[in-house]
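Heads up, the thing below is written out as structure tokens.
Here the chain labels run A, B, C and D in written order, and each chain numbers its own residues starting at 1.
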Amino acid sequence: MLDDIDALAARVPDGAKVALPPDYSGCAMAAVRALIKRGVRDLHLIGVPSVGFQGDMLIGAGCVATLETAAVTIGEYGLAPCFTRAIKAGTIKMIDGTCPAIHAGLQAAEKGIPFMPVRGIVGSDLLEQRDDWMVGNDPFGDDQGPLVLVKAITPDVTLIHAPLADRHGNAWIGVRREMMVMAHAAKTTLVTFDKLYDGDLLADAEMAAGTIPALYIGGLTQVENGAWPVGLFGAYPADDTHLRAYMEMARTEEGFQAYVNANVLDRKAAE
Amino acid sequence: MLDDIDALAARVPDGAKVALPPDYSGCAMAAVRALIKRGVRDLHLIGVPSVGFQGDMLIGAGCVATLETAAVTIGEYGLAPCFTRAIKAGTIKMIDGTCPAIHAGLQAAEKGIPFMPVRGIVGSDLLEQRDDWMVGNDPFGDDQGPLVLVKAITPDVTLIHAPLADRHGNAWIGVRREMMVMAHAAKTTLVTFDKLYDGDLLADAEMAAGTIPALYIGGLTQVENGAWPVGLFGAYPADDTHLRAYMEMARTEEGFQAYVNANVLDRKAAE
Amino acid sequence: MTATFQPEELLISTIADMLDGLGHVAIGASSPIPGGAALLARARSGGSLRVSMLGSEDHNAFTNGGTELFDCAAQGRIDAFFLGGGQIDGAANINLVGIGDYPQTKVRFPGSFGSAYLYFLVPRVILFREEHTPRVLVPKVDFISAPGTSAPDVYRPGGPYALVTGRCVFDFDKAQARFRLKSVHPGHTVEEVADMTGFDCDQPDRVGETPAPAAETLELIRGRVADEIAETYPAFAARVFNNTASAA
Amino acid sequence: MTATFQPEELLISTIADMLDGLGHVAIGASSPIPGGAALLARARSGGSLRVSMLGSEDHNAFTNGGTELFDCAAQGRIDAFFLGGGQIDGAANINLVGIGDYPQTKVRFPGSFGSAYLYFLVPRVILFREEHTPRVLVPKVDFISAPGTSAPDVYRPGGPYALVTGRCVFDFDKAQARFRLKSVHPGHTVEEVADMTGFDCDQPDRVGETPAPAAETLELIRGRVADEIAETYPAFAARVFNNTASAA
């Protein structure tokens, strides 16, 4: 158990390959603010399979060198403003993917194999951009045509927010098992969590089924409401008013900087 | 929801490829007895990744043409008597595998891909027996040597016993997620279960994490103590006395037949 | 008897008609109208239609995280899905990436999501884009996120079934790789559709009007469907149905 | 001070010494003595050693079903594992399949389990077989479930570390692909080991005696370890430790 969110953020080195879940999963937004406050640089973000406000903020704050994702989406709020600006300006390297290929790459890392075959994709312009995807064939020759072979994706860090964790270092994520694969695939996983579970999550058969074992987790810290202003499945909805204000402010670089000043730099990271 | 265990057993056609879990997972023993009573023939059993009393009984009763598994094991009780006899007599076709390759084959089916790469295996005599395993290479040439490519395994039926199921047709299996992969990979899944969960397993975030959705399940029926005489994780231990009696009787073909007469044919299937 | 209805209600009703009789419909991110259509079809199915909606907790039968939708599609267990496109061309190629030269596109869309996969594997993919302008419906997309058709050697049980816009419905002819105008929504005209469509398509001599939602359909949409969709799309439900059931 | 001890207690103590300082030890099916050794090592580690025991509910940190042990090994997260063998030969090849011509072997063992994989991937694989006879320790196995060594081009971070039997401990020299007698258990002799070993191996001039378990080790084994192992192996615990804590 780490002391606070800054101690957790300190474990993400500059240049790290960091896997992040989408806004409907478990977003460690407080940790993202701590990373921006620390001024982390040159991150290679992987959206699993897409990324939302976390990605937009880190890009806006200049923390990102490379973005690998199937999409950047902030749902009903519109196009991600900092991401859109960065693409236009060419300030980040973009690696466009497709959801099942990102999952497959992580599953390959989970299984310790160098690649995983994926259906579809052939004929998409995505394929031409990727030197980590190849077209191959079914070696058993069942003649169902070409397959795409996706290279394993091994994040240095998986960064997530969980509703619950226990003193043994286990974290509960319920059915949001993309975070389980992310934890298995990554070299280490950093977790913020809302509430301390009083007991051993693995000792309760019902809780265990949705728990990432401590085995995969390199550091945890409690941050109540740690997904804010994004929502957390089963716990709380997104802070609509705040997110609309973000969208409004982030329309310009200056506005985004004002947002960061007010919400990241001038405040304690844990709201 | 099916009327009874015989209605469930009727859904396993002769010649079906049937995936079964090992004794420490969720064994539908009552369904196995119902299958023997019905006189099912020519099954292709897949032990995921090994099989225990279920396999031994089905083999002893002459229901099995082919056995594909990483092992037949009944743990502390000794060597599986009917299996051992069948191998010696050459009455079943044996397809020896290794645990991760069986899991990989099922995961390939789960993902709708024709094969999955697996580490290890090269240099094992297992490889020479398998026309559904091939040696291949990493197409990205990271020079970590040969890989085994395992062909997808698509069971016709996955047959399991779960501690709980609900009226919507969802079944709870907790952390025993090999049964989840088996359900995803198979054309259909048949489930017996101990207790009816009063509500919707998918609506409860804690239960949902360990639940096979009805989507994958072709039939369910309640059989209390349905894993007996094998144990059920978190619910009840194996019936040691009964299993020892089985081991004693099954040492000979006549003894096994006497066991079947007493425990399968002369009794109601649900004890 | 005709009732007045909103454009969103017509679209929900029109799409729902394409889902009747199916077993399992899945809905991706940011798709309130397809989601509403699936929930309407489910309400009419007597419970036989399963709906799996990304981002929903109530309408989601998945328990294996982000991979399950894709695995499930590959297993043949999903009958219909929806895709949109920043650009859609006459061969049903879709572009979810951007306009201009990749990667530094002058307009950037969110990204391809699962389109490059689901378009191949789901039998009935319904293309849906409310905006029907030459800017969206183009002769040729700038970036193919997912192709409309594939060479015969490509494994492709799935593909485009129809294109629904704010003005009309197109069917898709896979053999010809061309759209065919099927019906024009009430209040719109064939000429207007022709003017606003940037791609070439087949146009029969007589093109009907998209059927208006029946009164009982509207009642279902405004009642049960509005309540159900509000869980995942509260802003949409509030705007269209004045539904504030899920307001925080 | 020397205490009397049972053979199982010596084996548990001997194997546990090979696990001290590791981070994560996994135990497969039907392995009460390796299981006991891992639980002993954990008891001595002050909680830093993780133990994942197949079939156990109390000592199992896995939540992803049957695949997790194998995936975890491939990720490099398992430091030690145990394998046995119906036959084990001098090159550390193991046979878990049968004696005679495959497939209609005249003696059939349960099967290869995960050996053909874990033997390659887990750095410290300890071979354990209580029976030490020429029938088990053979010049060449009839069927290679998993090979002791591999060609240099094969990805193999793991492999055999030692062979522990009811009579002695062998180390394994990977470069030579040969066992080397390390110590003989109390009550057994080097000559007896030579007689009962069917394969050729290196034998130093002086071979020590396997250290007897210390009194505090025996106390731990008979107390905490006996209680903990009884959950997964009640028959073993009852027989060896007269432990009936888990009797139904």
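What we mean here is this: a contact is a pair of C-beta atoms (placed from the backbone, for glycine too) under 8 Å apart; a residue touches a chain by one contact, two chains touch by 3 or more.
Treat the numbers as computed from the prediction; the structure is a model and nothing was measured.
**Q** Need the graph distance between chain C and chain D over the touch network, please.
**A** Between chain C and chain D, the shortest chain-hopping route counts 2.
**Q** Suppose chain centres are the mean of their C-alpha atoms. Which chain sits farthest from chain B?
**A** The most remote chain is C.
**Q** In terms of C-beta pairs in contact, which of B-C and A-C ranks higher?
**A** Between B-C and A-C, the larger count of C-beta pairs in contact belongs to A-C.
**Q** At what distance in angstrom does the C-alpha mean of chain C lie from that of chain B?
**A** Roughly 40 Å, centre to centre.
**Q** So, what's the distance in Å between the C-alpha centres of chain D and chain B?
**A** 27
**Q** Roughly how far is chain A from chain B, going centre to centre by Cα mean, in whole Å?
**A** The computed centroid separation for chain A versus chain B comes out at 36 Å.
**Q** Where in chain B do residues touch two or more other chains at once?
**A** 111-113, 118-119, 144, 175, 177, 180, 205, 208-210, 233-234
**Q** Mind pulling the chain D residues that touch 2 or more other chains?
**A** Within chain D, residues 57, 62-64, 67, 70, 74, 121 contact more than one other chain.
**Q** Mind listing each pair of touching chains for me?
**A** Pairs satisfying the touch definition: A-B, A-C, A-D, B-C, B-D.
**Q** Using the touch definition from the top, list the residues of chain B that touch chain C in their complex.
**A** It comes out as residues 109-113, 180, 184, 202-203, 205, 208-216.
**Q** Under the stated contact criterion, what part of chain B meets chain A in this complex?
**A** Counting only chain B, the residues touching chain A are 104, 111-119, 132, 134, 136, 138-140, 142, 144, 147, 149, 151, 173-175, 177, 205-210, 233-234.
**Q** Can you tell me which positions in chain B touch chain D when the two form their complex?
**A** 22, 24-25, 48-50, 69-73, 75-76, 79-80, 83-84, 87-88, 90, 94, 96-101, 103, 107, 118-126, 129, 144-146, 175-181, 233-234, 237, 240
**Q** Residues of chain C touching chain A in their complex?
**A** 29-30, 32, 54-55, 57, 62-67, 70, 74, 96-98, 102-106, 108-121, 143-147, 150-151, 153-156, 233-236, 246, 248
**Q** Taking the touch rule as given, give the residues of chain D at its contact with chain A in the complex, in rising order.
**A** Result: residues 24, 50, 57-58, 60-64, 67-68, 70-77, 121 of chain D touch chain A.
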